[in-house]
Structure formats: C-alpha cells, structure tokens
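Let me begin by handing over the structure; questions about it come next.
Lettered A, B and C in written order, each chain numbered from 1.
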Amino acid sequence: MAETTIKEPAAKKPANPHIENAKNIFKRLKKNKAAMAGGILILFFILVAVIGPYFVPYTAAEQNVLNKLQGPSAEHWFGTDQLGRDIFSRIVHGMSITLYIGFFSVFIAAIFGVIIGIVAGYYGGKIDTILMRLMDVLLAFPGILLALAVVTILGASLNNVILAVAVFSVPAFARIVRGSTLAVKELEYIDAVRALGAGDSRIIFRHILPNVFSPIIVQATLRIATAILTAAGLSFLGLGAQPPKPEWGAMLSDGRNYIFEAGHVALFPGLAIVIVVLAFNIFGDGLRDALDPKMKS
Amino acid sequence: MSNDADVLQIQDLQTSFFVDDGEVKAVDGVSLDIPKGKTVGIVGESGSGKSITSMSVMRLIRNPGRIKGGSIHYNGEDLLQKTEKQMQKIRGNKISMIFQEPMTSLNPVYTIGQQISEVIQIHQGLSKKDALSKSVEMLELVGIPSPKDRVKQYPHELSGGMRQRVMIAIALACNPELLIADEPTTALDVTIQAQILDLINELRRSLGMSVILITHDLGVVAETCDYVAVMYAGKVVEYADVHTLFKEPKHPYTVGLMNSLPRHDMDQDELNVIEGNVPKPGEMPEGCRFAPRCPFASDICTNELPDLMETEDGNQVRCWIYSEKWDGDPEVNVKNDYQTARSQ
Amino acid sequence: MLVFTIRRIIQAIPVIFGVSILVFLMMHLVPGDPAQVIAGEAASQQTIDQIRERLGLNDPIPMQYLQFVTNAIQGDIGTSIRTGQPVADEVFSRFWVTLELTVYSMILSTFIGLIAGIISAVRHYTVTDVVVMIIALFGLSMPNFWLGLMLIQFFSINLGIFPVSGWGTPEQIVLPVIALGTAGAAIIARMTRSSMLEVIGQDYIRTARAKGVKERIVIYKHALKNAMIPVVTVIGLEFGTLLTGAVLTETVFSINGLGRFVVESITARDFPAVQGSVLVIALIFILVNLLVDLSYRFLNKRIDLN
C-alpha cells in the first residue's frame, strides 16, 4: 500500500481566507442599499445614545406640571407628557436603555447559545439529546411567555427583563450553531485536521467557530430587533423598566392612560421603537443576503 | 429570404440580461436556420449563449433578461411578434423543449400521468380520461416498461434516465415540428446517454420533426447532428454540415474544441485544453472575442470584430483568416498548424 | 404515516415532561420562602404556616412535583390566591376569548400574508414587490401594543367607528385582530415570497412554461403547491406567537382574556394562577406544533424526503 503523507499547505503564503471572505461580504453588503441604510442608522442610534443626552434641551426627569400634555411645538418637538416632561428629550435619553437591552440580552443569549450549540453538535450522542431536548422545552413556551415566566420569578426590573429576553433567545442560537457545527464536522478536512493530531479545542476554536460566525451574526442582528420589541412589551405591561426611567415601552404605557386627551404621548415613543427595530431588521436581512452561501454564485 | 426548407430561421437575435453591473449580452446577433427534418447541433462552452438562444426561441427569457432585437421566423411567422397568449399555443405543441436536469425538471407534487396529460389537455382539448390513455401511449413510445403503472407514480419514484424519457414523452405528446433538446444527456450515465440520444434520433425520423440539440459535447454532435453551429461568447463562430466540420474545421476555436476531445487513436499524455476562459460579460474584447485565446491572433483580430463569412463550400465562419483583410501568415492552415501555433 | 404520527407523539412526551418540571419549579425558583411570597410581606406566621400546609410545601420537592402532576392530570392546576377560585376555572372561562382573538388574527395574517407574498413574488423586480416588502418590514418592526393604541386613537377616538375596548361584538373584534395579526401577516408574506421565488426558479416551473401552460396556472397550480410546504410551518409557529401576543393586545383593548389574566396575576404575585396559565398555554402550543408537523408530513408525503 502506498504511503500517504498529509503535508501542511505549501510555504507560499496565500491571503488570509477569513480576511478575503470578510472583504467579499462587505462588498456584497455595500451593494445592498437597504442594508447599508440600516447599518448607518444603527451607528447613528449608537451615537445618539452616547452623546444625545448632552444635546437635548431637557433632562429625562425635568417636570413642568403647568405645561403638561402639550402637543408638539417649537419648544417641545414631540410635546410633553402628563408630568410636563419633554418627550423628545426623554426619547433621546431612552435610546441608550433600548440599545443596552438589545445588545446586552442578545450578547448573553449568544454566548450561552453558542456554547450549548457547539457542545451538542460537536460531541453528539447523549449530551446532544439532553441539551437539545432542553432547548425544545424552552421553545415550548412561545413568544413572550418565557420572558413573562422569568419576570414572574425574578420580579419586575430592567435587568431582569434583559435576563428574561436572553433566556428566550438562547434556543434560537443553540439550534443554528448546532446545525452549522454538524455540517462543518462532516467536512472531510476536519478529519484531515484530526489525523494531524489536532485536539477538540483546536478544532472547535480554529475550524468550527469561524464557520458558525456568519449565521451567529445574522441571527444576533435579527434577534436584537425581537429583543427590543419583547422588552418594550414587558415594560408596557409594567413588568420591566419602572417609571420614571425613560424606557420607551414604559412611556407607551403612560401614553395609554392619556390617549383620549393627548395621543402624541403614545405616538412618539412607539415610532422610536419602530424605527430602531426596523433598522436592525433591514441590516439583518442585508447581512443574511450577503453572508448566505446559497446566495453566493 | 423565406425558405420552405427551413422550419426555423433565427435572424440577428439579441438577448441581454440587465443586472446591477449593467447589460450582459448573452446572445449577441445570432443567425441560424434549422432545416426541416434535420438535427442542428449548437455547441459551445457554458456561457457561450447556446441555452439562452434556445430559451429565446421558446420566448421563455425571464426578468432581468430581455430579447432586444432580431427575429425568429417559424413557418414564416415571427415568434418575437407574437403575444404571450399566442406563444402559449406554440410551446409544448409546435415547438417543444427538454432540459438538462431530468431529476428536477418534473414537478414533485404531481404524478407522471398528470404531467403528461396536462400538455395534451391544453393543446388538444382531450378529456382527462383520454389524455391519460394518450399519456400511457406516450410512455410506451419512449420505451418505459409497464406504462399503466408508471402514470400513477411520482417523479421521485423514477430514475434519472426514466425521468428524461418522461420529459421526452411530454415534449412529443403533441407531435411538435421542432424539438429543442438542451443538453438532454449531460446529467445521465454514459450508457443511458446513448439510449436517450438514440431515442431522440429514432423519434425524429419516425415523427418527421426537426431537432435543435444543444450540447458541449462534440462526440454527441458527431453521432446525431446534420448541421452544427459553434457558439462562442454570444455569437456563432462557425456553421457547417457535420462532415465538413469534423473533416475541415475552420475556426481556431472549433479546432481547439476538437483537440480537447480525448483521442483513442493517439497516445496522449494530457488533454489539450484551450487555455484561458470565456471572456466575462463586462470584459468583452473589442475585436474577435476569441482573439485573447487564439494562437493565430494578429492585429486585426484584436481590433476588429469579424463578420460571419460564407466560405467556398457554402458554410460559414467568423474569422479574419478567411477574409481578404487577413494580415497574418497568408499560408496558415488552422487545422494543421493549431498545435504548433499553440506551443509557441 | 401512522408510524410517523406515533413517533412524533412519543417525541413530544419528554418536552411535555420538561415543561411541567419548569412550570412546577417556577414557584421554588422565586427567591425566598414560597409560602411567604404567596402570603405577602405583612402576613402573620400563622397564615404562612397555613399556606405551607395547604400547598404541601412541607413535603420533599419530588413529592410536591408528583402531587403537582397528579393534580394537573385530574384538571386541578391550583387555586388562585387573588380570587380563591380554581385556576382551571379561571383559565378556561377566559380561554375562549383568547382563542377567538388568536384564531381570527391567524386567519387575517394567513390570508393577507399569502396574498401579499404571492403578489410580491410574481411581481419580482417591480415597484409592487418593493412596496409590499417595505410594508411587511414595517409590520414586522411594529410593537403590536403600539399599533393597537394608534388604531384606537385613529378609528375609535378620532373617527368613532370602532369601540375603544372590549370583546364580543363584531365592531369590537376588528381593531384587536388587526393589531395582533399585522406582524404575523408580515412574517407570512415574507416567507411566502421567498418560498415562491425559490420555487419559481425551479426547473419544473420552466418545464411547465415550456409546455405552454398559462402563467396564472403555472403560479397557482405548479408553484403554489410546492411553495406552501415551508409556509405551513411558519403559520404553525405564528400561532404560538399570536397566542402570547394576545397578552399585550388584551391589555391594550381591555379584553378579559387569558393574556390579561396572566399579566394581572403576575402583578398580583398570584403564583398558582401564573403557573396554571403558563402550563395551559405551553401545552396548547406543543399540541399545535404537533399538528403542524403532521400536516407538513402529509403535504410532503409524495416528495422524496431524501
């Protein structure tokens, strides 16, 4: 039998495939005008969250009861609420809360989801069955229900909402990562790498993680949109951020009480949610199109 | 210029795709006549425009593609002037088509019988029952055993060769005058390939139809075609009867294609592939499109696009070597000198 | 098919088991003594002891779980602290309203979503497609409670066409159903469109056109049947989202349904009521998913799944 040796790639150093790939993705992303608009909007929102509060005329808590429930005017662009607070200023102040909830809850969910997904997909067998059944159990609580259950247990607060939203996003990450891990594990070159003596951790970190990165990013972007909506819903129900925090869902809850005399109190915080969620959704769509290997040709 | 002997006359056909990067001229001024009762092969690499030509004949070019100009006369009538409704009466009825991918060309959620019956019901107005018994006949005609059982089956229950036979049955169910076969055997096993080609040939003779056979395989052409058009980068570069083409190929590209065939009569170390690639749509050379890959290319070739010229034997070639304006070696013989020119 | 059905039901059992454990544990995961939490801060030690005795909180946890499951199977999912009524009665008296709201919204989103998705796919590369997809993106990005508030403001307060709240009369049904169904319609439209586009690009669609089949029939006979297969799954999943989305819609429109009951129970720290409602909703969702899987399989049975 002929002796086979597997050599490391030739000394000639080719361009780093990951960097080349990232360049390609960015090129495709740039072509997608909607996605670019979404991305730029997100950057703008981050900017607003960071420096916006220094530029708006009022603080989030500044009351002026004599001037309550006023409609939009030059003085108060989005009008005032039941305590005479400037709604525009409060929305700008609330931007950081919304983005904080979105990014942080998805970040936590992604970490746990990726670990569970990779462990389940890579090791398979009983571990896989147990972990995935656990995910199935979590998925059996549809929509906002799991978040409601978590808030019931932990009590109503902003941080608990983040945790609740994170828990409810974990299964989505775990499933996607497990799927990608299984697909990568089946590739022949992983066998070759193993034959070269690479250990589990090297295979996971060098070969599997980079490959599941794209679907994670797409999922994370779209999940941020869902997380913001869910968190706003919980706050609207009085189970999340508590007044007087300028959280948009909580502001909407206030607005509901004054909908007969001052519709604008509910209008503007809702519009703010729509625009931020929309930005993440179109950016996520664009990323998926740019990253989806099926679309490559 | 109407000619009773031709079932189809394509004149200066231009089909383009309008994508983000601009216009891609997939078919750029193709003219081709299909004589009655004959088989005409269209040969070329992928991207040469051969499939788009046939889809244009069927008027099945979809957005973002569009037929920009030219004419396609079928029995004296220009298909490009017909309404979509009129075209629907022609497709599957007068002009039929079979495709490269038998595995995916049948609808997975309908039975074989339903799919053959459909075309019969549309064009011949038969009842469901009559159409089904005609379907059984058609399956018998294309050599499918126990056709009565087969009509009740779904595509996934049949092999690739069987499915291509079903496709042929659908295509021939209404006795078309012209059958367009787009790489009908590429996806099949070698033994099945020969069977399918024999079947098409046999049915062509018995039903008296014409066939356009699109292929990248010169071996298939040699066995089945009467005439051959060689396409390159959206244009016909050579048109000849099959004997002349193989005996006396004129265009350097044709010669290149033939040299790249594996030969049984010679001891070869490697296949002689044509170096380089078909030019990308946005990077079409100014002159002859084959010039960048042509071992004979001279100044005029890179600067000016040659016309399709009539040769002494009545065939056609798009190459400066055969024109009075040729500025290269006047003694050149494309077929004999190709290898030497190539190695230089 | 029968084998598949049985296998699929068996697969659901561990999930139901897990759900019951999780719901059971809810009360024990609450920081502090469950009896104290239920009785409230100001309760006397005597009351707390009584509650502990009544709920069997002195038993070991596995025993308590066993009791919980046994009771649940017999239809006893605890007693509401707030109302003193059995949770099962409270849940089922409100359940029909929520189910109605969910089913109507489901019908609306499926109907609108399918039509919009098909139009968008058929008009690919046209302004129509772009416009429909932009509307869908907005629908997807809108909180249903905010949409509800805006609908109330415009149609109830400004125009006075529909009532502000309640459930039962046809006028009362319109706004909540639109508020709840919009996001689902958007999701189904997007899924239908991408599924249709994928199918329209398939070789067998080209075959149908080459046969001379009319474009309308190509779309509705040849493409739609294939495209519907993945859409059915999405519609099934939407059911769960709508069922829980009702929590918010019911709050906005003051509808006395299961969703509002859950929220009120959470606010009142009425744990048995929350537990019972969550358990019922999760079980219904598992059942719906089971039915969706079976219908998917049924639609798919003629297709080679390999």
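The rule is simple: contacts are C-beta pairs under 8 Å (C-beta built on N, C-alpha and C of every residue); 3 or more make two chains touch, one makes a residue touch a chain.
For clarity, every value in this text was computed on a predicted model and none was experimentally measured.
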If we define chain centres by averaging CA atoms, which chain lands farthest from subunit C? Would you check?
B
With respect to inter-chain C-beta contacts, which pair, A-C or B-C, contains the greater number?
A-C
Centre-to-centre distance between subunit C and subunit B (centres being mean Cα positions), rounded to whole Å:
54
Distance between the centres, which are taken as Cα means, of subunit C and subunit A, whole angstrom
22
Could you pull out which subunit B residues touch subunit C in their complex?
58, 60, 63-64, 84, 87-93, 96-97, 99, 101, 104-110, 118-119, 122-123, 154, 156, 167, 170-171
List the residues on subunit C that touch subunit B in their complex, please.
124-125, 202-204, 206-215, 222, 225-226, 302-304
Parts of subunit C lying in touch with subunit A, wherever the complex brings them together:
14-16, 18-19, 22-23, 26, 29-31, 137-138, 140-143, 145-146, 149-150, 152-153, 157, 237, 239-245, 247-248, 251-252, 262-263, 266-267, 271, 274, 278, 281-282, 285-286, 289
In the complex formed with subunit C, which residues of subunit A make contact?
133-134, 136-137, 140-145, 148-149, 151-154, 225, 229, 232-233, 236-239, 249, 252, 255-256, 259-260, 263, 266-267, 269-270, 273-274, 277-278, 281-282, 285
